[in-house]
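One chain, chain A, appears in both complexes that follow, with chain B as partner in the first and chain C in the second.
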Partner chain A sequence: MIKEPLLEIKDLSVSIKKADGNIPIIKKVNIVIPRGTIVGLVGESGSGKSMTARTVNGILPPKAVVTGGSVIWHGKDEKDKDLTSLKERELRKLCGRGVSMVFQEPMTSLNPLMRVGDQVSEVLLIHGLVKNRAEARKKVVAMFDEVGITEPDLRYNAYPHQLSGGMRQRVMIAMAVICEPELLIADEPTTALDVTIEAQILKIIRNMCTARNMSALFITHNMDAVAKLCDEVYVMYMGRVVERAPVKEIFDSPAHPYTRGLLSSIPAIGNSPEYLNTIPGNIPEIKKETKGCDFCLRCSDDIRKCFFESPKEVMTGEGHYASCHILEDKLK
Partner chain B sequence: MKVKDFIRNRMAFFSAVIIILIVLFSLVIPAISGFDPAGQDLSSRLCPPDSVHFFGTDELGRDVLTRLFYGTRISLLVALIPTAISVLIGMILGITGAYCGKWVDFMIMWLADVTLSVPGMLLAMVVLYSFGGSFISVFLSLVILEWGSIARIVRSSALSIQESEFITAARTMGVRSLSIILRHILPNLIPTIIVLFTLNIPTSILSESALSFLGIGIQPPGVSLGLMVNQSRQFLFDMPWLALAPAGMIMILVLAFHFLGDALRDILDPRSDI
Partner chain C sequence: MTVSGIIKRIGGVFLVLLGVMLLIFIMLRIIPGDPVSVMLSEHVSQETIDRIKISMGLDRSLPAQFFSYLKGAVRGDLGESYFLKEPVVDLIAEAFPYTLKLAVFAALIAWAFGIISGMICAMFNNSFPDYLFRGLSLFGVSVPIFMVALCLQYLLYFKLSVFPLSYDGSFGSMVLPAIALGWNSAGSVARLTRSSLMEQLGSPYIDTAMAKGLSYKGAVIKHAFRNAMLPIVTMMALQFSGMLSGAVITESIFSIPGIGKLALTAIQTRDMPLLQGTVLFTAFLIAIGNLLADVLNALLDPRISVS
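Let's look at the complex of A and B:
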């Protein structure tokens, strides 16, 4: 069954403007987020995953500009809108209602001088979803309860510094979900939290999505979290999607050498403790447009072609695509 | 919490008490001393301090104590109002510059740099010469003197607050620019603004005194501390109390506001909370 798409990122390219020419940071990325699915976006730091998400709700840093492609939104109220061409005001109206975002750092993503409840209420009031503060408060308290904040009525009046990291992240999720958005973007929401809290937060996000038929774009570098949460996975490397597949496929039969590297980097009990598997090398310095496969310098089994020609996407399974010359040759 | 910190900080508390006492005296003493600050009594000119005139009298027989506190009243007024205005202007322009960025920021900062690059006293003199030594022109010259540095400081604090994730978060939630500024940026700037305000008051007091001393600030028959120092110049060696009273008052006021500002900066610094 093909689900109806909610957001389509088509051939998106983003560059950073520099005096001596543009530096491409996202190169022709295609991502489809169907309704009611959680899409994971994985990759190392600097692979462009956060930038892709930030393009969707228009909070790219000022130096970064969209140089090509489009982000098509198929929301309930707004049909087929290109988010990259919307004016700031229209985009802001849509964001919070249609698309909302949870950030990585719960310590800094709440205003330290406002009561957390008021901050969540503010969102409701801005979008005109409630008539007055009292009604907003009622809704917020109910939402706090739903995201697992104990004594929600009491916590409504708390200041951010009085809450723990996990609690703050719950507040952030409550704030993001309270307007019943169709898409939730979570940018490494659990990176700053410890493991037990991480599991709880992932569960909350999962429950929220199922209960509301909400889609989510979940950005992480944690393969464990992906396995727990996502339906589909996109693997990004140096601003390109190198592999995409349903979550089971990625773990059962990773196709791209980079994905295999990521998966084998997960430490497992039983492995010798002196040896931690890594992908050799670092992400190379992003320069101008390069020829050849971006991964060729770190790939364990490169062939001559990899240095001169960009690989095309090939299908390796149902809904499973990867961009790699070696795969291409194997499949021929 | 903050109030407790304030009382516990001896410097802050002591300075605040001194300032409050001076303000009270400057309001009360000219009214109850029984002398008119401008009332001349040529029969008792240049009296040394005694039980009738605690600080003696000046060359026209006016009571120095009454004039001292009356002058303090004027000096405080001249210090507070222009400082408040320049903090307000600096705050609005600084936040606007930081929030709008681009050419708006460029223009505002350029304007601030221009006023900062001209020697302040010279600029104030130009204003006072062209508009005459009235209250309004003293106000105006002090505002021109001060707004630039305040705008710069507010802008840089606002820029760092704007970089915080919660501002980005608010934007993604669809909060409008005006309410981002009023509800999220401004409250976080208040400690900076309070400190800027207290630390700029002594600058204003000194500038006003300097301008009046040079004879281009408050004009007689008005009274101000700087003007009193000016008028007592010729009797400096014979009747030193005429100069010492206003000069001492200027010193005490300036020091008190300085210490208060410093202490407030320590108390309101969020890093000292931990």
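Let's look at the complex of A and C:
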């Protein structure tokens, strides 16, 4: 069954401007988010997950520039729009309404001087979805209740510092879904929270998506969260997507050596800590355009070709693709 | 912020004033030179001096003198000026409106310029306007008041004759002193605004605001600016009380009959009650400025409570 796509990231490249030339941080990334699907994006710190997500709603840091590719939006009202070439004003209209975002740090992502309820009301007011503040307040209180904020009427008037991390993240989620967007981007929404709260937040996101037929791009380091939440997974390494597959495929038969490394670094219960697997080496510093496979320096079974040629994507299963020379050779 | 918190802080202000009173009282008695002999001409007999001392209460023990001064101060009586022969409280009340007018004027000019140029610097970081206003604000904080005052007088009076040389009661004659007095404050407000706003512009809540659908400008005005104002408001409250109490140089260069000028007269004439009075009043203004800074901060920032 092929689902209708909601967002297509096509050959996207992003660079950081430096005095001595541009440094590519996103290299020809392709991601498709179908309607009603939760897509996971995983990878080590610095692999470019946030940058990819931020390109969608145009809140890249000032030094970052899109150097190629497109982000095509197939929203309800706007058909086939390239968000990277959209005017700033039109993009802002889409943000919060069509595409919304939840960030990692729930403390600093809220304005410390404003009541949390008013911060959520603001979205409704910006997009003109309510007539006045009283109506906004009513909607926000109802939404607070839905995301599991106890005593929502009272909490409406709280300031961010008066709430716990989990509560603040619920506020962020309420803010993100109150305009009923078609796509929710969640950039490591649970990294700052403890495990029990994390499980609750994941459940809320899951429920929100099913109840509203909303799609989501869920960014995380946590393979466990991916297993619980996502339908499809993209694995990023050094600004490239190295593997993509339905979630079951990734866990059952990871193809790329990097993905296998990621999965084997999850400790299994019963193993002693000495047997905790890690991927050897560190993520190399991203410099100018490189030849060869980005992962070859840390790969356990590289072949000569890996050092000279960028690998192409090969299909290893139903909807399962990976970019690796070794797989390519095996499949021949 | 609680009412009891404010009451406690006001109590603190009175404690500070008591300390200042004691300190200035002791200092004025330690410095060499006898006020009575300064007041009178040189050829006066010791008897006359003694008689005057007794009439002024200077023959009593120091603690007794202090307590009678304190008792007067509580009733709003700071003694009588030796030199001007008028109650100190009346002299201060007469001079204060001039100083207040000058300070309000100076503060408005300085803050408007400082905040706007700081905002321009932050929003156009590392471009020409940023360099220009950063240069100007460095000039603002580093050039001393007397230099600014003399340059202004030279340029705008002697060369261009736009404004009068010194204070004559007209509005125009207030402009140069206000610029001179506000000069340093404008520089520091500009620099603080720049750094404070830049810090806020990098905060994640700006990204949140933009993800909600606000433009960058909207996010700056609706979210960053208020956060950036917190340290600036503190600085402004302190600056204002500083301008009210520290306008000695400006007031004497432009001959404005304010508190600064009064204090200077008191020093020049060894007028102990007048000096005590002006110093005490100045300390009062500064303590109030500090209190005001804290109260404003607590009003603006829900994370702070006055305790």
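As a convention for this text, the second predicted complex is superposed on the first by the 332 of 332 C-alpha atoms of A that agree within 3 Å, B and C clash if a C-alpha of one lies under 4 Å from a C-alpha of the other, contacts with A are read in each partner's own complex, and residues count from 1 in each chain.
As a convention for this text, a contact is a pair of C-beta atoms (placed from the backbone, for glycine too) under 8 Å apart; a residue touches a chain by one contact, two chains touch by 3 or more.
A quick note: this is a predicted structure, and the numbers were derived from the prediction, not measured.
Because the two structures share chain A, they can be overlaid on it, and in that overlay chain B clashes with chain C. In the superposed model, A:95 makes contact with both chain B and chain C. Shared-chain residue A:57: touches chain B and chain C both. Contacts of A:44 after superposition: neither chain B nor chain C is touched.
In the superposition on chain A, contact of A:122 is made with both chain B and chain C. By the touch criterion defined above, A:110 lies against chain B and chain C together after alignment on the C-alpha atoms of chain A.
Residue contacts after overlaying the shared chain place A:159 against chain C, while chain B stays out of touching range. The superposed model built on chain A shows that, among 5-13, 23-31, 41-49 or 59-67, the segment of chain C colliding with chain B is 5-13.
On chain A, the surface patch touched by chain B in one complex and by chain C in the other comprises residues 57, 59, 92-97, 100-101, 103, 105, 108-114, 122-123, 126-127, 172, 175.
Residue ranges on chain A touching chain B, taken from their complex, read 57, 59, 62, 92-97, 99-101, 103-105, 108-114, 122-123, 126-127, 172, 175-176.
Contact residues of chain A toward chain C in the complex are 54, 57-59, 88-89, 92-97, 100-101, 103, 105, 108-114, 122-123, 126-127, 159, 161, 172, 175. Looking at the complex, you find that chain B touches chain A at residues 101, 164-166, 168-176, 179, 183-184, 187-188, 270.
Chain C meets chain A in the complex at residues 203-205, 207-215, 222-223, 226-227, 300-303.
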